[in-house]
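In what follows, a single structure is set out as structure tokens and then discussed.
Chain naming follows the written order as A, B, C, D, E and F, and within any one chain the residues start at number 1.
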Amino acid sequence: MKKRVVTFGEILTRLTTHNYERFTQASNFQIDYGGTEANVALALSNWGVPTTHVTALPNNDLGKSAYNYLRQYGVNTKHVLFNEGRMGLYFLESGAMQRPSKIIYDRFDSAFANINQKLIDWDNILEGVDWLHWTGITAAISSNAAQMCLDALTAAQKKGITVSGDINYRRNLWQYGKTPLEIMPALIEKTTVIVSGLVDFENCLGINKQDYIKTCEAVAAKYSSVKKITNTNRETINSSHNKLSGILWDQGSLFESSSYDMTHIVDRIGGGDAYMAGLIYGLLHKNNTDALEFAVASSVLKHSVPGDANLVSLEEVEQLAAGKNIGKLLR
Amino acid sequence: MKKRVVTFGEILTRLTTHNYERFTQASNFQIDYGGTEANVALALSNWGVPTTHVTALPNNDLGKSAYNYLRQYGVNTKHVLFNEGRMGLYFLESGAMQRPSKIIYDRFDSAFANINQKLIDWDNILEGVDWLHWTGITAAISSNAAQMCLDALTAAQKKGITVSGDINYRRNLWQYGKTPLEIMPALIEKTTVIVSGLVDFENCLGINKQDYIKTCEAVAAKYSSVKKITNTNRETINSSHNKLSGILWDQGSLFESSSYDMTHIVDRIGGGDAYMAGLIYGLLHKNNTDALEFAVASSVLKHSVPGDANLVSLEEVEQLAAGKNIGKLLR
Amino acid sequence: MKKRVVTFGEILTRLTTHNYERFTQASNFQIDYGGTEANVALALSNWGVPTTHVTALPNNDLGKSAYNYLRQYGVNTKHVLFNEGRMGLYFLESGAMQRPSKIIYDRFDSAFANINQKLIDWDNILEGVDWLHWTGITAAISSNAAQMCLDALTAAQKKGITVSGDINYRRNLWQYGKTPLEIMPALIEKTTVIVSGLVDFENCLGINKQDYIKTCEAVAAKYSSVKKITNTNRETINSSHNKLSGILWDQGSLFESSSYDMTHIVDRIGGGDAYMAGLIYGLLHKNNTDALEFAVASSVLKHSVPGDANLVSLEEVEQLAAGKNIGKLLR
Amino acid sequence: MKKRVVTFGEILTRLTTHNYERFTQASNFQIDYGGTEANVALALSNWGVPTTHVTALPNNDLGKSAYNYLRQYGVNTKHVLFNEGRMGLYFLESGAMQRPSKIIYDRFDSAFANINQKLIDWDNILEGVDWLHWTGITAAISSNAAQMCLDALTAAQKKGITVSGDINYRRNLWQYGKTPLEIMPALIEKTTVIVSGLVDFENCLGINKQDYIKTCEAVAAKYSSVKKITNTNRETINSSHNKLSGILWDQGSLFESSSYDMTHIVDRIGGGDAYMAGLIYGLLHKNNTDALEFAVASSVLKHSVPGDANLVSLEEVEQLAAGKNIGKLLR
Amino acid sequence: MKKRVVTFGEILTRLTTHNYERFTQASNFQIDYGGTEANVALALSNWGVPTTHVTALPNNDLGKSAYNYLRQYGVNTKHVLFNEGRMGLYFLESGAMQRPSKIIYDRFDSAFANINQKLIDWDNILEGVDWLHWTGITAAISSNAAQMCLDALTAAQKKGITVSGDINYRRNLWQYGKTPLEIMPALIEKTTVIVSGLVDFENCLGINKQDYIKTCEAVAAKYSSVKKITNTNRETINSSHNKLSGILWDQGSLFESSSYDMTHIVDRIGGGDAYMAGLIYGLLHKNNTDALEFAVASSVLKHSVPGDANLVSLEEVEQLAAGKNIGKLLR
Amino acid sequence: MKKRVVTFGEILTRLTTHNYERFTQASNFQIDYGGTEANVALALSNWGVPTTHVTALPNNDLGKSAYNYLRQYGVNTKHVLFNEGRMGLYFLESGAMQRPSKIIYDRFDSAFANINQKLIDWDNILEGVDWLHWTGITAAISSNAAQMCLDALTAAQKKGITVSGDINYRRNLWQYGKTPLEIMPALIEKTTVIVSGLVDFENCLGINKQDYIKTCEAVAAKYSSVKKITNTNRETINSSHNKLSGILWDQGSLFESSSYDMTHIVDRIGGGDAYMAGLIYGLLHKNNTDALEFAVASSVLKHSVPGDANLVSLEEVEQLAAGKNIGKLLR
């Protein structure tokens, strides 16, 4: 029987300049949609995993378009709320060479930030579900969103659902009067698999042993629910050329993936989400080693696709993880 | 010596779908900029009138792009503030045939709504100025904006500057806790030339004598500063086919313009602002009859140009007002 | 409880030249999707009617894209088959002025033409359904498709489901060795509501009494299942300017709709399907008079939207049928 | 045996703004090619008439592109010269509503203006040819071009080839030190069929009897080679809506065509050339009445096609001249 | 006197997604044309070699557009047939980074597959010709096409024309009931220059000595007409970065070209055809060493040009082969 | 107090093909503006330096658009002349891989070439100015332009203004009858900072000591005004991959910058101008070492931005010069 996944978080309209144009030159924006949790949902759905994304959208044509986008790629939208508030946006200017990429977020006071928790019945949503995924972005958006996240995790824990959390610390969010240290520990307490770097651990849990493995051990020691901790290693040569690998700590064992040279990057946004989606898929269907290789291959392929979403097939990820068809012409 | 004009109000980034696409179909947005008062400023600047636009913009690349847009068309930006807050946006879907055009405003909590009045020195800004233009949109945006508008009018009145105000009542604005009836009368009291229809008068001044002329008389009777009242008559056959004329009441005398058949409309947004710009230009340089004809011709031409701004030359407006070159091929 | 609808037929990739370019000038094709029955499904789904579209698509990225398109707009795709065969295509060049629009069909040997009837369980698909819609296009595509259509109607008739059929005679189809007169009567025998003009009746049923009403009576006399017959009247002034009204014959009573002047048509493809969708919606929820007005208003609005699909809301159709908001600017 | 035609004149790169944008808004130019004589050549070639265009182009990629454009549509380019000088350009901004279309010519010092007559062997070029077409544009460009035109006509007259000339007076050309009255009479003396309006006659031949027919008679009386005189009547309602008909004077007999309402014009450039091409085709293959109807139908269809060239088939022109398929959807 | 070349094969409409978009994201297709033999013809024509391409196209606007494309670049189209059948298509999604490029062919039952051999008079077509080029694609398409290919080679052999054949084995073609081993040997028997890799030799001739040179010797031993065998060596680092060199076996002598690092590849389709065109040009005008360097330089440049065709000049290929102007800015 | 800069030279409309298309493939041109001195002005203005650009433009919409472009980015246009003559143009085809970029200039007889020196009052323009920048392009365009350049330098020298000159030798210019050796020495005599390579020195001053430092010494020995000489070292791997560093000779001392690997170049046009702008900024605000690093970082970033202008902020250049944020994602 198929494994089922639920993700929870905001989806934004993404407005991107064309052909490496700077914002001040642009006469058009490409319209896409993205959000770290929705990106995970889309990738999983694309690979045949029944995935439900829980979010709130404004009741206008912008919200409707984002809703349609989720449906287009097969994500279950039964539990999407249409709420008061605006559509969250983000503006993207793609970097090139040494010039960094640049994002302007415009997401405050969104329908998701105003999400109405009374309308969400987590017990119902999580019925028959195998995996729940959340991120620190949601916890940072608003008090309502953070509370709903906690409700979801509580419900999941009761049902024995595996919970993954991407700590994803962003200083510019967290504007609603709470610090990560006040909010995140309660969420980590109910989480099984964590994506985190040292900076995230320090800012959200106040734990930093300098060494990654020692920090993992300290986190797991303090938060008994935490069984696996993972992260990507990204070396940035320039905006179009990065190197990528992944690492997975599993209750004391350490797994390291192959490293990929990613040059001629098309779009790096969503690369981390593609990794997370790959890892969830992998941990649901494979051993740690294969799961990690699948996750990294998924992330690498994402960098070749424009937009936030990892529109690559299961077969394509498997092929890359097996070192096949790299850069070929398939007819 | 050249007449000088100051306008005050918000400028928004406009995001328009292409080729009559509905929002839910769009893969790109055309980027433009607009705002009723800025549209007036641009048209006047285009015709060689030194025009300063006073506004506030966010200190990011979106704000910078709007700022550059004003400079591109020669509007003086010396008094533009860079402020906290986001860039105001509006999304536009152009109607066709019987299908109406549709705007989604996304302007709450903008840099302009948060405008810091301490940074604006109206006495300095209005030095040597002949005409000040404001609209009811500004009064509706926030308490700060309304107060600044009143400050500007007070300063203008002291200097004997002609003040025009476009009442422009929009029910969906006015969210900051005040009603138009609480705010608008004090502004009208300092205004010389008003753009208003019956509905505007009723909602903003509580005056509606059913008949337009009688209402004008009642308004002028109550607000002694008001010397001229004007409005456009627009008959809407469908989204691409309208008829347009203008009317001007001047202390008891009534002037009516030619009527134009506008078919194959390219973009109707900013049509009213082009009329207002034309009227300001006309009243500064012509008699009432010619001013009114200039105003309507300006508005008609605007409907043939994509975007908010009336990018037509003085000569082109004069030619149309004189019935010349209509629909020709000029080489 | 919500009424449920099932539609059955081929969906094609539509490739359209831009800006009235002729095929021989084009450097790009706009990609859309359409098919007469899928167009009906999309419109109904858009209005909140749970609608399932049954079709077959090739198991490649072109088929997947069409599948995603149906999902995007909420059409239930549970019963879509992925089959051997190619993706059906049609190329469109939009006419202008006196120049006609031009379609090049490229649909032979498609996955739908090769549809494997053993994989379709109509009893299951039609469970709990209120309305089934088919068209003569399906009957014309291949022997397999025509047989499946008959199977569907037989199953529907057993369950007492209302069946509508759009005769839609096209001489260039019907290449598989059967004539309409051999195939269509058996299908009409199981149909309740027919869309047909005189030419369709003559070619598919061999009945033509010259007069439309008399022909309706003759058809109903011969085919006892047929209760309602409808058609649109389209007067073509030129490619961008048509007039449209509808007529509905219901067991001897005749209903005629308002007539609309459609000028500045954006895209006439799918106009008839929007009418049919409107009529199905209307007959499920309104009386004949209102249903017919709804159908015509739906069709008129379709002509303002690019692509095959009628992406207009229930409220927009109701507003037009009530004569409201025509050509306005809604903010 | 097929009739053969030769045309002589400059071909320009045409750079057009998109979607009715004004020059000052444009971020892109559409690239097309055009020139009054080349437009005639293309239409004739498109209808199966073997047509050779004689011109000069710069020996760079812009010249090569124009050359390829002629080849693409089957015009014989064997006698195209690659010359010193620049590529002639014209910039086009399409009008809308009352706003006129605007052309900026940038053709001085072009390769064609510098054409080297020693490289052209008219006797060879005109061998076996039935019709030669020239226009007053060529005579206006440079002394070299005017001389070459005269050489061509002299050679044609010797061989008994029918010669048509479109007087096409444009005041802004004629910069090389000669007036039309000094140049044109010698060319008209060798011409059989003239396209001209009253203004053209006055400026180029100094003849204007106010009345068109009387003027034709006066011209034919003075220039014995002239057998037929023709012109289009264009009534300009606005930039998108014109009415068009044609008139043909043939040695005392007058023929008038049907009148067409052209609304929703796509591109009016080249409308006169499409008329001329149609008339040449018609006079080579039909009687005067049918030739004139063919010419007007050809011109009408041109107005529906973007670009200078009349990319419509023989069958399409015949259909419109017969009143068939107007504004239909052909599948 | 100029050498003349004839090529024979199908030309397809190519539909490509933009900016590395995946098929499921695309809203537009770029329209190009290509086919392995036509690509060779275009390159040769571009270099001033009179080249005739023999093919069949459908008698509709898609076929006409492909025909015009050949004419645009100077390929002689006198012997193109307009036939029953559809336009062959192929859909292309360009790969990036590790992600492979992907082609969906849609060419079955095309006008070319249905080519009517009675309408082709090879003796006439090949009169005065120096070189005939065919490929294994043609042999794989249909029985008709393979037979016509054999007819062409027989006629060429009689006239002593040099024949080149690109074996180009593709498993997914060969659907008409014959295997390559049944068809190809008879064609190779009449061929002088072969492009082939080991896999091609094995599948089409049943010869594979593991070592390339030994295999060449075995092929030449069996097929006495075969004098030269060539192939490209492509090392694929990723979709945007390949290395390329060429090898030429000439009756026992072996020639190896310089190797090029091709990074930031724009479009790799047609790279092999550009090599073949370069080799034909080279062998007609140069010695083996220079011919091979010219062929590889031609192929390298092709990878920098979007579309199938190698739109680079003779001078540009010569410059690269001489190591000049690499990556410069030429003004 | 802010340092003020004046630049003098022609601004051209730049027309660029899209997506590496060759000229012969293009259906659209991207419109930009550029010119070596205007590019310097824009960059400086962008960094907050009050900069005035002196030039002449044609009095039409093309000239007006270029004028608006300068205003858009804050360049002072008070001293721009509107003159007789055409708009100078240049056509650009971007290279890729080994294929070079290609420019077609079309600037002869432009408004700038015809510049009317009587209308320029250099004493007034240079009042309160700190730096004047000119280039050898201007000297090469026309006798008028060269004379005006000399006038400007003479006025600057009187006022003690620092003068920089970019020798920028281009053989294809210099068509007005003078050689560089006749014109350039008088200009260098009044210049403080020179950009020049060995070839430039040889062609414009007749000095070439083979060794760069020795040549600098010889130039400074002969031209006593010259204090600093600079140049970039560009190593061209291919069109998308260059290496760049800078060198600065200051009265005997030599400074060398860091070297940057520029791969995935977006647009190399204007790279030298960005270097010059950076150096002017640096020399006005920093020591030699920092100025040189700033100049090179500015040039590197330019290569990542489409168009001629270096649309990067002061902070972005400072960051790169400090080795920060390279290729990151800034949110």
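To be clear about the criterion, a contact is a pair of C-beta atoms (placed from the backbone, for glycine too) under 8 Å apart; a residue touches a chain by one contact, two chains touch by 3 or more.
Note that this is a predicted model, so its numbers are computed, not measured.
With contact taken as defined at the outset, subunit C and subunit F are each touched by A, B, D, E.
Simply put, of C-D and C-E, more C-beta pairs touch at C-D. Simply put, subunit E must spin 120° to overlay its Cα atoms on subunit F, rounded in steps of 5. Spacing of subunit D relative to subunit E, judged by their CA centroids, is 41 angstrom.
Chain centres here are Cα means. That of subunit A falls 45 Å from that of subunit E. Between subunit B and subunit E, the centres computed from C-alpha atoms are 62 Å apart. Multi-chain contact residues of subunit A, defined as those touching 2 or more other chains: 22, 24, 27, 68, 102, 264. Contact residues on subunit E toward subunit F in their complex (touch as defined above): 260, 262-266, 300-301, 303-307, 311-312, 316, 320, 325-331. Residues 19-22, 24-25, 95-103, 105, 170, 172, 236-242, 264, 268-269 of subunit F are the ones that touch subunit E when the two sit in their complex.
Interface residues of subunit C facing subunit E in the complex, by the touch rule stated above, are 15, 22-24, 26-31, 60-62, 64-65, 68, 86-87, 89, 91, 93, 102, 104, 106, 108-109.
Across the complex, subunit D is touched by residues 68-69, 71-74 of subunit E.
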